[in-house]
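Two complexes, one shared chain (subunit A), two partners (subunit B, subunit C).
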Partner chain A sequence: MTSTPAPPAVKRGTPFQLPALPRLIRFALLIALDVAVFWLLNRLASLGYYPLMAAVLIITLFVNFVLIRREAYPLRWMLIGLIMMGLFTIYPIIFTVWVAFTNYGEGHLITKKQAIDQILDLTYLPSSGKAYSWTAFRSDEGDYALWLIDAEGNAYLAKPDEPLSQPQPGEMGVGPLDARGIPESIEGYRRLNQIQAATDRNLKNIKFGEEGKTIQIRSPSEAAELLPLYVYDPDLDAMINQETGVVYKNLRGTFTSPDGEALRPGFIEYVKFDNFRDFFISPALRGPLLRVVLWNFAFAFFSLLLNFSLGLFIAILFNDPDFPFKKLIRSLLIIPYTVPALITILIWRGMLNPDIGVISRLLYNTIGWSPQWFTDPWWAKIAILLVNLWLSYPYFMLICSGALQSISEEIYAAAEVDGANPWQKFWRITLPLLLVAVGPLLIASFTFNFNNFNLIYLFNAGGPPMAGTPTPAGHTDILISYVYNLAFSGSRGVNYGFASAITIIIFFIVGSITLFQFRYTRMWEEVGENA
Partner chain B sequence: MKKLFNIISLLVVLSILLAACGTPATSTPEVEPTTAPETAAPSTAPEPTTPPPTAEPVEPIATLKIWADDTRTPILLDLADEFLAEYNVKLEVEDLGRVQDIRTPMITAAPAGEGPDIFIGVHDWLGALVESGLVAPIDLGDKQDEFVPLALEAFTYTDGKLYGVPYATENLGFFYNTELVPEPPKTWDEVLEIGRKLKAEGKIQYAFAMAGGGYENLPILTAKGGYIFGRDASGAWNPDDVGLDSEGMIAGVKFLADAVKEGLVPATADYETAHSLFETGQAAFLMAGPWALDRIRKSGVPYKVTVFPDNGAPFLGVQGFMVNAFSENILLAQTFLTEYVATEEFMQKIYEAGLRPSAFKSVLARMDDPDLVAMGEAGANAMPMPNIPEMGSVWSAWNNGIALATSGEQTPEEAMKDAANQVRALILGALAGMVNLPGSYQDKVGCGAQWDPACQATAMQKGDDGLYYLTVTLPAGDYEFKVALDGAWTVNYGSDGAQDGPNYALKVEKDGKVTFIYNPETHLVEVKFE
Partner chain C sequence: MPEPSFLEKLRTSAKTQRRFSIAIRLIIAMFLIIFSIFPVLWVISASLSPTGTLATQRLIPANPGLDNYHTLLSMQQFPFWSWFLNSIKISSITAVLSLSITTVAAYAFSRFRFRGRQTMLKAILLINVFPSLLALVAIFLMFSQVGDVIPFLGLDNHNSLILVYLGGAMGVNIWLMKGFMDTIPRDIDESAQVEGASDWQIFTRLILPLLRPILIVILILNYITTYGDFVLARILLRSNEKYTLMVGLQIFAGAQFQQRWGVFAAGALMGALPIMIIYLALQDQIVGGLTRGAVKG
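For the complex of A and B:
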């Protein structure tokens, strides 16, 4: 790229001294980058995206540090990965934690400033006020005049800062009236139709008529003498109704009157530990949570046991070099793994359908009985495990096949010399050595199944329902699907704050299980080394 | 080599960051027009040659961004050229897929200022949208007489304001197999009677199948007198009156449970099952909406649509155009809807594309599809799906209750009582059961605000004698308070022990401890000073 590089003048104490030109280019690029980021930050600030702004700033500082400081040199090769991790993993986690301490959710989606602006925009028609239908006229200079007609049919001409007048055609430049009593022209002005008038965003803000009795456009069909309905008092953090004098105080993200009347809209507000408290004191916890957690563990455990057993069994069969049609059968067996789980789950749902499903019909026609796969609690659980078995055994078959290859034949030979039967060989040699290799994968699989929302939700949505619970819950609901229902069908629609809080709680549950299990794998490793 | 690599890696980083900047860079023009109309306005001044329609300047003076579904997008796009030519306003129509796919993007985009000016939606989103301040009211003026009243009612929120311009309605209709059933039944008992007879003859497997839970079986439940929420004096939905355990609802569920027990209705409630059974002639009846017309017609089953037996009422869903409250063109958006969308011509086009009964009277009157006409008749007494946010708490509890009753695990009474209590608990939220004394003293005892019915610091504790106690330390002064239950104002008692009664007045002579004792029988509070 560069012409003849400078001699490798490596001085003592300053290793890796770069030649001047590439260094210059490098700095020029870095400066260009910083300028670009600075511009981006400016824009983000003007749009009010402060968390994202902070993230971009931190990343830029990090990039500068890595590229300028010599001791950070090795980090350079990780730079892009680290940036991606920051943006797509760490930033969302921080955001989730932040949301868990707010009331963010339907009913509280906008910022306080946005909500205050909206409420301050509300107007009311004072008892002495009048409402009119309006037609706009515009002069070449962009000044407006309104032709107003009140409920009794009286017509008025209104201009900003001038009292209303009632000119007849011919007076004040008013042209002849049309069928609806609106002048076809006014001297110096051009009549606009509703859409032409509405294209001016400022029109709603123009005050027509004299001071104190100003008329504003309220909607496409109405203009009226309007007064602002609310005034915000920052000291009280309250909205005061100008018509009735009622004070609406900020109560956890909603301006609420002493009578409990709430002003719409609500806004995002910090609620401290309320979401966590709500979870721990809610009927959800007193109710079916224990049963849900028990089934959650049972589901994850039995899924793992069944899937691993079948996968291992097939892998051992295929480990026999003399197995006929090995390649063909093995390819066929992998198919369930290659079909998207979403489709497989829906197909199984259809096949198990008691009235029109293939499997149910087959059973019914052959043995005259078929289980109620969706309405019986136990059969529903078995069906879920069956579907999960179908989805996951190829995975274990693959990893077990690989792991089996790594077990040395010599050990088996030695065992045979000692007179071990195949059963003993499996329990004493194959399984312990295999577990060393696949142990971490088993834990990963357990954790995955512990949170296997897709399967539970798509197959039966947690059904069939449990009877007599204080909150809706199903017999096949696992923790994540149960709290999903709780957070997204609570009283005020989707509640992200509550959902985030529960996510954090589940994170600690799953995290501690995983930690506990990794302790155990370390023990397995030691067994393996001793063996 | 190393140097080259350095530079390349730098370039990669730079390009990534530049790409990240790319998005805002392209969005700048969208922001620009905010100020444009004012400066551009004089340029639209009349040219003497063509006075009424504005002369064509190069730049459109405004842009209306519309989010629509795949069926309605082409119609709006057709309109765009005409609109641009006539008013020099650009219509920017974005296709977001199905109607229900518009809700989530709207909720995230609108507060960030990235949303459309106008969007298509269903009326039962209003709970979330209005409470969150995302949708602006619309005033149809005289034109409201041209709309089907039920459709307007559906788009009217509890505050009495209209939040959408409806264009289509949808509700379930009663389908029957004309080969098996020559005359449609008049009562639900007759439905089962016909089913029983045909089953005995071996012609069918079931009378009908449940395609789901509450929504899909509502015409049976309402025919027996069931309801979901009551209405208050002004006709708005009242979330405090949950009707899932009303006598009629239980009777309706019992009807279903008995039919399942008898084998006339399958125990599994499933959309696919219900439709397949009807389409293959295995079930004589079906309750289905206009969205299923296509597949039923394709199946070739001989059918007719008619009104529900016993005058049962289905849910009414209404689709319409709404205005984003964060739009910078609210007046223009509202005007576009009232002047352009609320017209017979446009409503006719939408009807032709959509296979749904129109919400516009004159278009509805000219509707020629006999199935849709029949469906419209079946929906004449339909109940607009409650648009309050509390409806979100109803679905799963309601569906579960019906499933538990029809599977025989619980009696219909037990199942629906449980369901209703679940809904009440969800509506009350986590604080169900709390007895509180909100008042003007609360900020002195550690609450964040006064008059907070959910403040933990003033929650009363139940004593062994069944009375509730609260002791606080108050500085001398005059205070007021009230009793509120469940952490909300919904149930509150005043100094006369009556709901919504007057405030208690409390005079504290000197700083000290004050004990409140609440009697849940009389709803009265006794105050003791130490």
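For the complex of A and C:
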């Protein structure tokens, strides 16, 4: 593999003749990585984490391709970034899409195979069938053993979690047998007489023998082998109860009897478009969701309008190179923006506290009334907009004053010659030109606020709660905080499937706004340029 | 001679008009400044107020003292110092690594022409539109699964958190950086290439020094974004002494917010101060970055 001269068409992006050593190191590292990944894949497979396994495998193949193939040379420069993006951005997105088509959530957290295995492990003690007579032994440490004799007269020694054995006297510490064929002693154990055995509270709950062939005491005279309670019928896709004969059919990921009795655990099941259908047409969800969506748009829109207006107002006010203390004023005015948002939001939560917060007290003292900032649906919304105004107006002030300086004085001079008044100058010249410059940032800000989870969640946790909704929702909840409650709060059962479906809907909303923004700003074309 | 006197009048009247307008604007500025710094002043005052509850606080505290700071730093249940150091550690590591990833990748996008380049650039933008908050379920499950195999990359671990933050390194900032690099003429590196410099040498010796202003801006914005992140840290970190400052403050605020308002104020102030100082000291550079479309979370 000596280096061939680069084809003339590819000006850059072909490596110069690399010294042999770095290449050796590269391949050594690659092999080490592959070995490590192989080990990891093995472990993941043994634990049944197949989706993650697939992701790791695909990414590793990609890494190999990039490091081995010459034409992938430019990608080597961004390999680590691409790995991170693959694992922590793309994989979660694909995973979310998958979850959106399932009923993943409370009661449906494991695979169907795991659930069937767990249900098949359930056993019952049949009231008839093969039986043993038993004698109990107990050690000083509280361990138990059973001496069993079946109908044919075969004797067995049974201990918990050990297979049955058939020791002769003298083996395994078994002492000489008495007339009924029961050892008088077993080393380390004491034989219990019938009264002791009947009154021992632990004894009848202990399962003897290895798993799958366990024996339990049924009556003072009999012990019997436990049988599996359920049998899975793959044709019916149903569980059949062996004791009662009831058939539990698979109903959206839970085996359910005709009377509606459900077998736990349920499992993850594909539900096709059910989650999306629920979003759009389920009458139970439509009430709160419709309000959440409306407020979501209103919140993003009014936030943008208010924050931009105030920012622009300030920018115009001080758009004057000779204005005194200009630098100082600007520094003081951007202070809200410099405080981490979480801290700001929590501070405002304290200041707006309806009984004892400073703003409420101030209003009480001056006008004798103060709004219920947290419990009244409308005032809660206004409070959110107010806090967001404080948080973000400095950003708009900064970008607007930057953009204002780029508008040339000549245009204003020309307008003045034409007799335009300041009002007209603002609406006809300043605003349109400004919007061209900061338009993309405004759209970005809209989409940011559309998903401004921190503000909604930290300020009031979406509250005040709406009354009588099927899933928890509040009057200031936006889609994303609503989704968060669905997925994580768990007060009424987490529902990852539905949460993921809404996530994808949000993605489409925000994605189309962003695509519009790219068109509008012709960012796409910028990529194509040979810049 | 009427003409000069008329001009003079006009000039003085324009002067008074200007003075008047400046005076009005200064008054408006004063109100705006009160609006913008009142909460900060209020928090400073709360942190110095010895009574320390929300209800009793006045703007000028009666017997100002540092009691709240003492309480803050000596609480067993809420290890403020650990939170603070965790935040600084995580933000610093993330900011540097993320900047490195972004810069090297942007160099490739700016200087190499390869198949799929445009598609990748577009895809990076679009993928980052996906609300990362919503990938939380997947990320949470992923780390709980990986943690079963590799304990130091599981839940409740700073490494995991840093890795997740690095997942965002291939984001909008690549565009910003690439745009900046595109303005550096390619003649520079082509002449170096003729002299036999490798791509890596061109990048480190020639391009990187020219990028300094934008590097600082992106580094700082990365730092601030990570420092201020709440949700990811809240989901991935489980134990009290591993929390970041934002998670810790949120949890502290959840418990006894009203009674320990003073202590909270002290913590909030100490937490906010480093970022405020960075901002105010470097405001010109940061503003430059923001108007070019850099992101701050």
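Quick note on the criterion: the second predicted complex is superposed on the first by the 290 of 531 C-alpha atoms of A that agree within 3 Å, B and C clash if a C-alpha of one lies under 4 Å from a C-alpha of the other, contacts with A are read in each partner's own complex, and residues count from 1 in each chain.
In this text, a residue touches a chain if its C-beta (ideal position, glycine included) is under 8 Å from a C-beta of that chain, and two chains touch if they have at least 3 such contacts.
These numbers come from a predicted model, not from an experiment.
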For A:Gly266, is the partner it touches subunit B (first), subunit C (second), both, or none of the two (neither)? first
Have a look at where A:Ala444 lands relative to subunit B and subunit C in the superposition and call it first, second, both or neither. second
Contacts for A:Arg252 in the overlay, against subunit B (first) and subunit C (second): which applies, first, second, both or neither? first
Who does A:Ile80 touch here: subunit B (first), subunit C (second), both, or neither? both
Going by the contact rule set out at the top, does A:Thr96 touch subunit B (first), subunit C (second), both, or neither? second
In the overlay, answer first, second, both or neither for which of subunit B and subunit C A:Gly350 touches. both
Looking at A:Arg43 after the superposition, I want to know if it touches subunit B, subunit C, both of them or none. Which is it: first, second, both, neither? both
Just checking: does A:Leu342 make contact with subunit B only, subunit C only, both, or neither of them? Give me first, second, both or neither. second
Name the contact category of A:Leu33: first (subunit B only), second (subunit C only), both, or neither. first
Find the residues of subunit A that appear in the contact set with subunit B and again in the contact set with subunit C. 40, 43-44, 47, 77, 80, 350, 353, 355-356, 488
Enumerate the contact residues on subunit B facing subunit A in the complex. 3-4, 6-7, 9-14, 16-18, 20-21, 24, 34, 37-38, 41-42, 45-46, 51, 54, 61-62, 87-89, 107, 111-113, 127-128, 130-134, 138-142, 159, 205, 209, 266-268, 270, 272-273, 276-277, 325-326, 328-332, 334-336, 338-340, 389-390, 392-393, 395-397, 399-401, 403-404, 407, 409-410, 414-415, 418, 421-422, 425-432, 448-454, 456, 484, 488-490, 492, 503
In their complex, what parts of subunit A are in touch with subunit B? 1-2, 5, 18-19, 22, 25-26, 29-30, 32-33, 36-37, 39-40, 43-44, 47, 56, 60, 63, 67, 76-77, 79-80, 83, 106-111, 114-115, 118, 133, 138, 140-142, 190, 193-204, 217-222, 249-252, 256, 258-261, 264-266, 277-279, 281-283, 350, 353-356, 372, 374-376, 463-465, 467-472, 474, 485, 488-494
If you look only at subunit C, which of its residues touch subunit A in the complex? 22, 25-26, 28-29, 32-33, 35-37, 39-40, 42-43, 53-55, 57, 101-102, 104-105, 107-109, 111-115, 117-118, 121-122, 124-139, 141-142, 145-146, 148-150, 163-164, 166-170, 175, 179, 182, 193, 196, 198-199, 224, 227-228, 230-231, 235, 246, 249-250, 253, 257-258, 261, 264-265, 268, 271-272, 275-276, 279-280, 283, 287, 290-291, 293, 295-297
Subunit C partner, complex, touching residues on subunit A are 10-13, 15-16, 40, 43-44, 47, 49, 52, 71, 73-75, 77-78, 80-82, 84-85, 87-93, 95-96, 99, 314, 317-318, 323-325, 329-344, 346-351, 353, 355-358, 390, 394-395, 398-399, 402-403, 440-441, 444, 447, 451, 453-454, 458, 480, 483-484, 487-488, 496, 499-500, 503, 506-507, 510-511, 514-515, 518, 523-524, 527-528, 531
